[in-house]
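Below are structures written as C-alpha cells.
Each of the next two complexes has subunit A plus one more chain, namely subunit B in the first and subunit C in the second.
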Partner chain A sequence: METIVGKERVGEKELGVLFDGGKVRKRREWRGLKDTLYDYARWLYIMSILAKFIAKPRNIKAMFRYRWMANYLATPHMVDKFTMGLRDEALRIVHTSMDFVVYDVASTLDNIFKGDRRTGNDTEFSKRCVLTDENAMTAFMMGFPNVKAILREVPCMFVANLLTQYSSTHYLDVAQQFGLAGDVCPMPEAEAGVSIDDDFAVLGCCAVQVNTTCDGSLMGNGLIAKRLEREYGIPTFQLVAPMRHREPDVQKYAAEDMKKAIAFVEEHTGQKWDWNYYFDSARRVNDATRKRMAWLEINSTPYPQFVGAPFSLYNDTNYMGNCGRSKLFPPVDAKILKYAEKGYREKKMMAREYRHRAIIWGVQPQYCIDMLNWMVHCWGIVPLTDMLSMINTRMIAEDDTPENREQAYYDMAWLNENMIMRNRTHGGYKVLVDELWEFCDKMGADMVIMWEHMSCKALTGMHGQFEEQARERGIHLVWVCHDLCDPRVFTRQAIRNQLNDYMRTVMREEPLDPSIEILPDENAW
Partner chain B sequence: MPVLKKLLLKLLAIGISLFAVTFIVYFFNLDMKLTSAIEPFLLKHYDNMPRNAHL
Partner chain C sequence: MKDLKHLLYFENLLQSAHNELITQAQNEGKICVAYVCENTPEPLMNLGNAFGVRLFAPQTGSMDIATYYMTSLLCETSRALLERAIEGGFNFADCIIAPDGCTMMNRAVENMELLKTMGQGKSKFFHQYMEIPLKGDENGVQLAVLQCTNHILNPLHEAYGIDISDASIRKSVEEHNKVCRLIRAIGDYRKGDKPRITGYEFHVLTLATYVAPKYLLIDKLEETLRELKTRKPDGKGYRARVMVVGSEGDDGGFIKLIEDTGAFVCADRFCFGSLPGRDPIELNDDEDALTQVCRAYTYRSQCPRMMNMEKVYGRKEYVSDIAKEYGADGIIYEQIKFCDPWAYERMLGSVMLRDDYGYPVLSVDRPYNISSSIGQMRTRVQAFVESIEIKKLRGGEK
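Entry: the complex of A and B
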C-alpha cells in the first residue's frame, strides 16, 4: 500500500523511555498539555471506580480470599498499555471504551461477591443469579429482567490475563499437578485450575455451560460442572451449539436447545420469560451491530479510528457478555461513533506514518494483547479489525409479534452459534479462510497478522491453505506464534520479534520508533 | 464578603494542592509503583491459605 504520512506526535517522541525493565512503567506519558490533562482526568475516574469497589467490606474480604483478585492491582496499568502513544480522538475512543469495560468488570465483581457464599453471602441475591461460561453468549438471558447472568470465569481468567501476564501460571501448574494434559488451550485449563484450587466464588441458583470450541474447553467444563453440582449443589445445564453453524439443517436443533436452556433458567430461578424485555434487548443488539458495522466502515477508509485490542475487547463485552441486556451500552456506542466520525473527518492518525493495513486473524495472545497498539507505533501497521470482532452482522427480529416470538429462539440460537471465536474457528472452511480474503478486499488490507496459538488445534489444519492463498493474492501473511496466556512458553518479546524479523528481513523496513522495537517487559505486569 | 473571599481562597488552595498531589502521583506512576510493591505480600498470603484442592 501507499504510505500515508501524517503529523508528528505531540509530546513524547520515543515511547521506549517509559520502560525500565520493572514491573510497571517508569512514569506516565507526556502527551502535550491538553491530552495529558485528559488522560489524568480519566485516570482519576478509574481510581474512583476502584475506590468505590474496595470501600465495601465484602470486596476487601474477597481480595484476601481469591488469588486472582491480586491482578486487579494493575487496572490503571492495563489502561496505560492500551493508550500508549495515542492522542486526540484515538485516545478518547480508547478511554471511552476501555474505561467502560473497567466499570462493567467492577460491577460484575461486585455482584459476584455480593452473592458469594464465602464473602457477601446475600442468599436472596444469589438465588437470582445464573452462572454462565466465559465464552458464552448471554442470549438466553435476554428475556429475564430480574435475573443476573454472572460470567464467573471472565474476571478470574480472561480479564486477569489482560491485567498481568503471569496471572494464569499458578492455575496452569495446579491443573497439571493434578494430571491434566499440558498441551490443551491454557485458557480453559487455567479455569479448570481455578476450580481445582477452590478459588472460584460460589454463588447462583444454577449454571449454564456452553460447548465452546476445543478439547481444553470440554475438559475444563466437565471438571467445573462436577464441582458445581456435587459439591455446591448448583445444577448445570449444557447448552450445545452445533459446530457447523452455517448449515440450515442444524438451526432447528439449536433453537430447540435454546428453548430448553430458557426453561431450565425459569425452573431454577422461579422467574418467567418476559417478551417485552426480550424485544427491547433485541433492539439494543441490533443497535450495537449497526454501530460495529459503522466503525468497520470507517476502518475501511485510509483513516481508521477504533482499532486494536480495545475494539476487540469492547466488542467482546458488548456483543457476548451484554447481548443487549443493559441500557448502559448504547450511549457509549454512540459516543465512540461520534469520536470516530470526527477523527475520520479531520483525518486524524495514531502514528506519523501508516505503511501497512493489516487484518488480525486467529486468537490473540491474551498476555500481549496490546501488541496491536505497539505495531502502529513501532512499524506503522494499522490493525483494521480482528477475527474475534468479525461476528454477527444479521439483524434479529425486534418487533413483538407471534411469528417473531418463534423466530426469537432461532435468533438467540444464531447468536449463540456465532459467538466470538466459535463463528470462525468452527463452521467450516468458508468462515475461517474464504471470508478472511473477502475482508482483506473490503478493507483494503495488504497484510494479515496470523496469530498462531500453538495449543489450539482448531486452526492448525488450515495452515498450508492460508499460506498458499495469501501468496496467490499477494498478501503479506505474518505468522506470529504464541501460547495464549502462558508467557513462560512464548515471552512477549519472542512474540514481537516474529513481526520485527518479518519487517526487517522480508519488508526491508526500519521501525518508526526504534526505541520500542525491543521492550524490556518480561517482568512487567 | 471577606469571609466568603477567605472561604473561596481556601477552597482554591485545597483544590490546587489536591491537583498537585494527584498529578504527581499520576505522572510518576506512583499508584502503580505502590500496588506493585504490595503484590508479593498478597501472593505470599494466598500461598499460605488452606485450600480444598481436588479434581
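Entry: the complex of A and C
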C-alpha cells in the first residue's frame, strides 16, 4: 500500500522511554497538555471505579479468598497499555470503550461477590443469578429483565490474563497435575484448573453451559458442572450451538434447544420470559450491529479509527456478554461512533506514518493483547479489524408479532451459534479461510497478521491452506505463534520478535520507532 | 491357545486401507462410502449397492506433509489420515461422509477436499459434512434424521442411484445386526476366568468389521465363532484383566503390547470398538427405520463430545458396568496424542473411575502407531499390571 504520512505529533516521540523493565511504566506519557490532562482524568476515573469496588467489605474479603483477584490491582496499567502513543480521537475512543469495559467487569465482580456463598452470601440475590461460561452468548437471557447472567469465568480467567501475564499459570499447573494433557487450549484448561482448585465464586440458582467455542471448551464444562451439581447443588443445562452454523438444516435443532434453555432458566429462577424486554434487547442488538458495521466502514478507508484490542474487547463485551440486555451500551456506542466520524473527517492518525493495512486473523494472545497498538507505533501497520470482531451482521426480528416470537428463538440460536471466535473457527473452512480473503479485498489490506494460537486445533488445522492461499493471492501473511495465556511457552518479546523478523528480513523495513522494537516487559504485569 | 484359523486372514485385511475385500466389492459393481467418525450410522452407508468403510492408516510412519498442513499439535489420527490421503491411499473411495464431530477430524477431511486427494477419475465423487447431535435427546434424534437424509441418503441416491427406501434401510440393519451379534458373541468369550480369545485377536476381528465390506466377512466370522466354542483356553491365567477405554485403536499393536506384559484385555470401549459400537439395532414396525437408527446412535453414543450431564455421568457408569460385566481388575484410559475430547474425558474418567467406582486406573496418551513409543508404553503398562497384582496379593480391594 501507499505510505500515508500524518502531521507532526505532539508529545513523546520515542515511546521506549516509558519502559524500564519494571511491573509498570516508568512514568505517564506526555501527550501535549490537552491530551495528557484528558488521559490523567480518565486514569483518575478508573481509580475511582476501583476505590468504589474495594470500599465494600465483601470485596476485600474476596481479594484474600480468591487468588485471581490480585490481578485486578493492575487494571489502570492495562488501560495504559492500550493508550500508548495515542492522541486526539483515537485516545478518546480507547478510553470511552475500555473504561466502560472496566466499569462493566467491576460491576460483574461486584455482583459475583454479592451472591458468593463465601463472601457476600446474599442468598436472595443469588437466587436471581444464572451462571454461564466465559464464551457464552447471553442471548438466552434477553427476555429476563430481573435475572442476572453471571459469566463467572470472565473475571477469573479471561480478564485476569489481560491484566497480568502470569495470571493463569498456577491454574494450568493445577489442571495438568490433575491429569489433563498439556497440549489442549490453555483457556478452558485454566478454567478447569480454577474449578479443580475450588477457586470459583459459588453463587446462582442454576448454570447454563455452552459448547462454544471449541472442543476444549465443551469438554471442560463436564468437570466444572460436576462440581457445581454434586458439591454445590447448582443444576446445570448444556445449550448446544451446532458446529456447521451456516447450514439451514441445523437451525431448528439450535432453536429447539434454545427453548429448552429458556424453560430451564424459568424453572429455576421462577421468572417468566418477558417478550417486551426481549424485543427491546433485540433492538439494542441491531443497533450495536449497525454501529459495528459503521466502525468497520470507517476502518475500510485510509483513516481507520476504532481498531486493535479495544475494538475487539469492546465488541466481545457488548456483543457476547451484553447481547442487547443493558441500556448502558447504546450511548457508549454512539459516543464512539461520533469520535470515529470526527477522526475520519479530520484524517486523524494513530501514528505518524501508516505503511501497511493488516487484517488480524486467528486468536489473540491474551497476555500480549496490546501488541496491535505496539504494531502501529513500531512498524506503522494498522490493524483494520480482527477475526473476533467479524461476527453477526444480520438484523434480528425486533417487532413483537406472533411470527417474530417464533423467529426469536431462531435469532437467539443464530446469535449463540455466531459467538465470537467460534463463528470463524467452526462451520467449515469457508468461514475461516475463504472469507478472510474477501475481507482483505473489501478493506484494502495488504497484510494478514495471523495469530497462530498453537493449541487452537480448529485454527491450526488450516495452517497449510492459509499459507498456500496467501501466497497465491500475493498477501503478506505473518505468522505470530503463541499459546494464548501461557507466557512460559512464548514470551511477549518472542511474540513480537516474529513480526520484527518478518518486517526486517522479508519486508526489509526499518521500524518507525526503534525504541520499542524490543520492550523489557517480561516482568511487567 | 491354538491359533484361530482365520486370524492371519483378518490381520492381512488390516495391512492396508484399500484391502482385498474392498476391491472385490467394487469389482462386483458396489459403491464404496468412506467415513471417519463412529457417529456416522453405518447401516445407512450399507444400503443397496453401497458399502461403508471406515478410513484408517495402517503402518503409518512419517506424517510430515500432514504436519505441514495441520501443524504438529493436531491429533495424530487426523494427521495420519490426511497423510495417507495425500499419498493416494484412499483413492478407492467413491465418496466421503464426515460428520463435524471432533474438530480435528473435520479439518483433516476439509484438507483432503481442498488438496483434491480423493476422487481422481470418479466424476460422481462427493464430500459431505454433517452435523451430529451434541446431546442424547429427541431433538438430537430429529437433527440426526435430517442430517442423515441430507448428507448421506440423498447424496447417495442422487449420485449413485442407491435405494434409500425404508425397506432398504431395514435390510441393511438386518445385515448390520448379524455382524454385531457375531462380534458380541465372539466377544463374550472374553468373559470368565479362562477366556477363549485374546484381546488382540478380538480387536483384529472387530476392526476388520469397520474397514471392510461387512457382507464379505460374515462367513469367516461365523466360522470363527464356531471355532471358539471348542477352543481350548490357555491353562495359565493372566496377571490382570484390564479394560481399555479411549480414542480409536487402529493399531492392534497397542492391545498386543498390553497383553505381552501378561495382562488380558477383557473389554474395549473406544471409538470403533465393540462396546457399544457392535450393539445390534432393534427395529420395530411402528416407526420408520431411519428414525430408529438415528435414535439408536444418538442415545447409545459414548462419544465424549456428547455434552449433557446425563451423558457425562453416564459414560463413567457405562465403563464401570462393562468392567463389572467383563470382570476387569483395572482400567486403562488411553488417548491419541493431541485429541482434545479424549484428553478431558481421560482426565475426568480416570479420576471418577478411581475415586467414585474404586477401580485402579492407568491414564496414558499414545501415538497413532504404537511402534514409535513401545518402550515407554510397555514400562507404564507393566507398572500398572504389577500394581494390580500387588493389590491382589495383599488381598486389597480392586
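By our rule, the second predicted complex is superposed on the first by the 523 of 525 C-alpha atoms of A that agree within 3 Å, B and C clash if a C-alpha of one lies under 4 Å from a C-alpha of the other, contacts with A are read in each partner's own complex, and residues count from 1 in each chain.
Throughout what follows, a contact is a pair of C-beta atoms (placed from the backbone, for glycine too) under 8 Å apart; a residue touches a chain by one contact, two chains touch by 3 or more.
Note that this is a predicted model, so its numbers are computed, not measured.
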* To do: Superpose on subunit A as described above, then tell me if subunit B and subunit C fit or clash.
  => fit
* Asked: Taking the superposition as given, does A:L223 touch the first partner, subunit B, the second, subunit C, both, or neither?
  -> both
* Which of the two partners, first being subunit B and second being subunit C, lies in contact with A:G321: first, second, both, or neither? -> neither
* To do: Go through the superposed model and pick first if A:G428 touches only subunit B, second if only subunit C, both, or neither.
  => second
* To do: Look at the residues of subunit A and decide whether subunit B or subunit C touches more of them.
  => C
* To do: State whether A:F178 touches subunit B only (first), subunit C only (second), both chains, or neither.
  => both
* **Touched partner set for A:D257, first subunit B, second subunit C, both or neither** => second
* Asked: Can A:K457 be said to touch subunit B (first), subunit C (second), both, or neither?
  -> second
* After lining up the shared chain so the two structures overlap, which partner does A:R67 touch, if you call subunit B first and subunit C second: first, second, both or neither? -> first
* What is the contact status of A:Q238 with respect to subunit B (first) and subunit C (second): first, second, both, or neither? -> second
* **Touching partner for A:P310 - first (subunit B), second (subunit C), both, neither** => neither
* To do: Would you give the minimum C-alpha distance from subunit B to subunit C, in Å, for the three-chain superposition?
  => 7
* Across the two complexes, what residues of subunit A are contacted by subunit B and by subunit C? -> 178, 223, 226
* **For the subunit A and subunit C complex, residues of the former touching the latter** => 175, 178-181, 183-185, 192, 209, 211, 214-216, 218-223, 225-226, 229, 236, 238, 240, 242-244, 247, 249-250, 252-253, 256-257, 260, 425-426, 428-429, 452, 454-455, 457-458, 460-465
* In their complex, what parts of subunit C are in touch with subunit A? -> 68-71, 73-75, 78, 100, 102-104, 106-108, 110-111, 114, 129-131, 133-135, 139-140, 142-143, 146-147, 150, 304-305, 307-309, 312-313, 335, 337-338, 340-341, 343-348, 350-351, 363, 365
* Tell me, which parts of subunit B touch subunit A in their complex? -> 22-23, 26-29, 31-33, 35-36, 38-39, 42-43, 45-46, 49, 51-55
* Asked: Can you list the subunit A residues touching subunit B in their complex?
  -> 22-28, 36, 40, 43-44, 47, 63-65, 67, 70, 73-74, 76-77, 174, 178, 196-199, 223, 226, 525
